[in-house]
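Both of the next two complexes hold subunit A, though its partner changes from subunit B to subunit C.
Let's look at the complex of A and B:
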């Protein structure tokens, strides 16, 4: 009887130890899972910010838009409006073939602060199709970056270069 | 008593066996975890590396004419590879799944780089307006030997000045036979005269001990053609079997297309990357054609003299025709990947340049670029 009781005690003790062990293990797993969730989210945000910067950088130096002079030397932070108007059509025409490879899912807008005009040069939104067939946006965040530029328009200047102040807004969809 | 002792003995033995098994399982679990984590870390390292490289290449690509020296000492044991097939470039860490594909940026590099310093340099490619930035990637242990004299085909002085910080030497034709690779990972010889390196000719003695794919050569033939060679034993073997590789450029200082021929691993990589440039040229040509149309409408009004309008549409050559000719030639250029039909793009580019110069200098009109 004494041995049986001792055995029962030992068994209960072992079960208790195992229980505590598994509780601790569960805590560990939950903690690790939560940490990973936060880490993944932070990493995603970091990547999104980097993509926004890269896209802005590419945009500013795009040969389709940038002003040049003499031997095609670039003028810094300047957009040639005559080229820009044509570029919009070219971006749209070759969006899936080519320009998606440069800008990915993004929205690029150029705003003329003098004439209060704006032009959406590129817009490729992440989308999904619902069960009822409607297409809706499938993104959580639009990370925007801004850059001040000058807009050169020689036609507005009647043959002479006229420079307006403006900005580029580059938004990337997450 | 004897019975109780025996039971105790069994209990103690059982406990030890239990501890051993449980310990082994726990140890195995942690070993498994460590190995898994190691594999994940290597994968992450590879992914991080290619992502960072992508950012560096983006930065270098847009900041014209800049050279970037990137410390790779932490990755000295890894090999970076670069490839380009059917207009799609690829680079990554050899032996891992970490890689990046790129259909846009022309990247001229050796097939493999293994060293402590990566060198990235960009130059704008113009035909005659800016088309795209060419990215040249090499390493501090990839050595370039130029020889064959200043034939007028290639401006050696300009190249040497531009590539300060690179491992390159200009040697005389007489010194060719005694070229020493030193402790470099690979060697690229550049024959500017076109008659020192040839199929079946002997490889310099000190290079013969190196691996075949680590000794390559580019030979300039005339002003706009090159051939690629690779060491095979003690002799040179030609890589582009049939026709020489066409260089499509307008010449001048810092000729991006010619420099690209020096940094490209072989004819296939060169042509593949040039295809990317011509694809971009097609789109930019459309943009400039649209601009030319707007200029035409603007100058067709009576307010302005007919001179500008003449340069744009009526004169010979004129802007609209020259741009249209370039667009048509590009169609032919895309038909085969030998680039042999792309040579004609030089003429149309020269025409566009002439008209653009006329617009700016003679007519004081709006210029195309």
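Let's look at the complex of A and C:
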């Protein structure tokens, strides 16, 4: 009888410890699943931000837009307004065979803060065609990155280059 | 049974460590973006032309090379009005323009910032503060990134060092 009781006690203890062990294991699995969900989302956002940053840098150093002086010496954080006006048409003309490879699905906007003007240089939206034939946007998020630049205008300055303040907004579609 | 207890303790510790390391990731990209933005903002701000009305008509001095340079040379002179921008003192013109520019860009994008420009006159001398611009909440106690020092040689007056800090 005493031996049976002792055995029963040990069994109960073992069951209790096993129960706690499985409860903890379950908590661990739930925690890991939730964490993975958040981590994947964060990783996606990080990758999107990285792509936005890369696109901005490509944009800032694009010879089609960049200010140069003397023997094509580049100027930091500067966009040549005369080049920019022509670049819009060039971007559109060669979008699929050249510029899409550089910018991918993105929207690039240059804003002149002095003249209060803006120019959308490039806009390639992710799209899908519905059953009824209409084309709609197929993206969840537009990750935007900003860079402050000067806009150099040779005409406005009448012989001397004029630098206006502006910014570039590069948005990438996810 | 002791073995099971040890396993439970080990699993708990493992989960704890996993949680700690998972939450300690460094957002490198954010830092790079802030640094790049800070550098480009000061660089563009110093280079931009502003419109002033002179006796001969409209003039377009550069904010860094002309206005800040003049401010550093004549900050004590109440008539520092070489470019006569609405009759204001050159340091006031610099401060107002820079403040407007920072608030319309960084402020508009929800970034906090601190900008300062100081004149270093020589070895051992105490730097003179020429400009101090902060967003509403500043960067006190926040993680911040700097544009790096932007030096401008202001004639014989000394060296002007400008720096911008951006924080989220």
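Operating definition for what follows: the second predicted complex is superposed on the first by the 135 of 174 C-alpha atoms of A that agree within 3 Å, B and C clash if a C-alpha of one lies under 4 Å from a C-alpha of the other, contacts with A are read in each partner's own complex, and residues count from 1 in each chain.
As a convention for this text, contacts are C-beta pairs under 8 Å (C-beta built on N, C-alpha and C of every residue); 3 or more make two chains touch, one makes a residue touch a chain.
These numbers were taken from a predicted model, which means no experiment stands behind them.
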Using the touch definition from the top, say if A:50 reaches subunit B (first), subunit C (second), both or neither.
-> both
Looking at the overlay, does A:90 come into contact with subunit B only (first), subunit C only (second), both, or neither?
-> first
What is the contact status of A:159 with respect to subunit B (first) and subunit C (second): first, second, both, or neither?
-> first
Thinking of the overlay built on chain A, is A:63 touched by subunit B (first), by subunit C (second), by both, or by neither?
-> first
Answer with first, second, both or neither: which of subunit B and subunit C does A:74 touch in the superposed model?
-> first
Please work out whether A:25 is in contact with subunit B alone, subunit C alone, both, or neither, and reply first, second, both or neither.
-> second
Which of the two partners, first being subunit B and second being subunit C, lies in contact with A:145: first, second, both, or neither?
-> second
Where does A:125 make contact in the superposed view: on subunit B (first), on subunit C (second), on both, or on neither?
-> neither
Both subunit B and subunit C touch subunit A; at which residues?
-> 50
The answer for subunit A against subunit B in the complex is residues 47, 50, 54, 57-58, 60-61, 63-64, 66, 68-72, 74, 80, 82-83, 85-87, 89-90, 93-94, 98, 101-102, 154-155, 159
Partner subunit C, residues of subunit A touching it in the complex | 10, 13-14, 17-18, 20-21, 24-25, 27-28, 31-32, 35, 39, 46, 49-50, 53, 76-78, 113, 145-150, 157, 162-167
In the complex of these two chains, what residues of subunit B are touching subunit A?
-> 51, 55, 58-59, 62-64, 102-104, 124, 126, 128-133, 279-280, 283-284, 286-291, 294-295, 298, 304, 360, 365-367, 369
Residue numbers on subunit C that touch subunit A, as the complex places them = 1, 4-5, 7-8, 11-12, 15, 18-19, 22, 27, 29-30, 32-33, 36-37, 39-41, 43-45, 47-49, 60, 62, 101, 104-105, 109
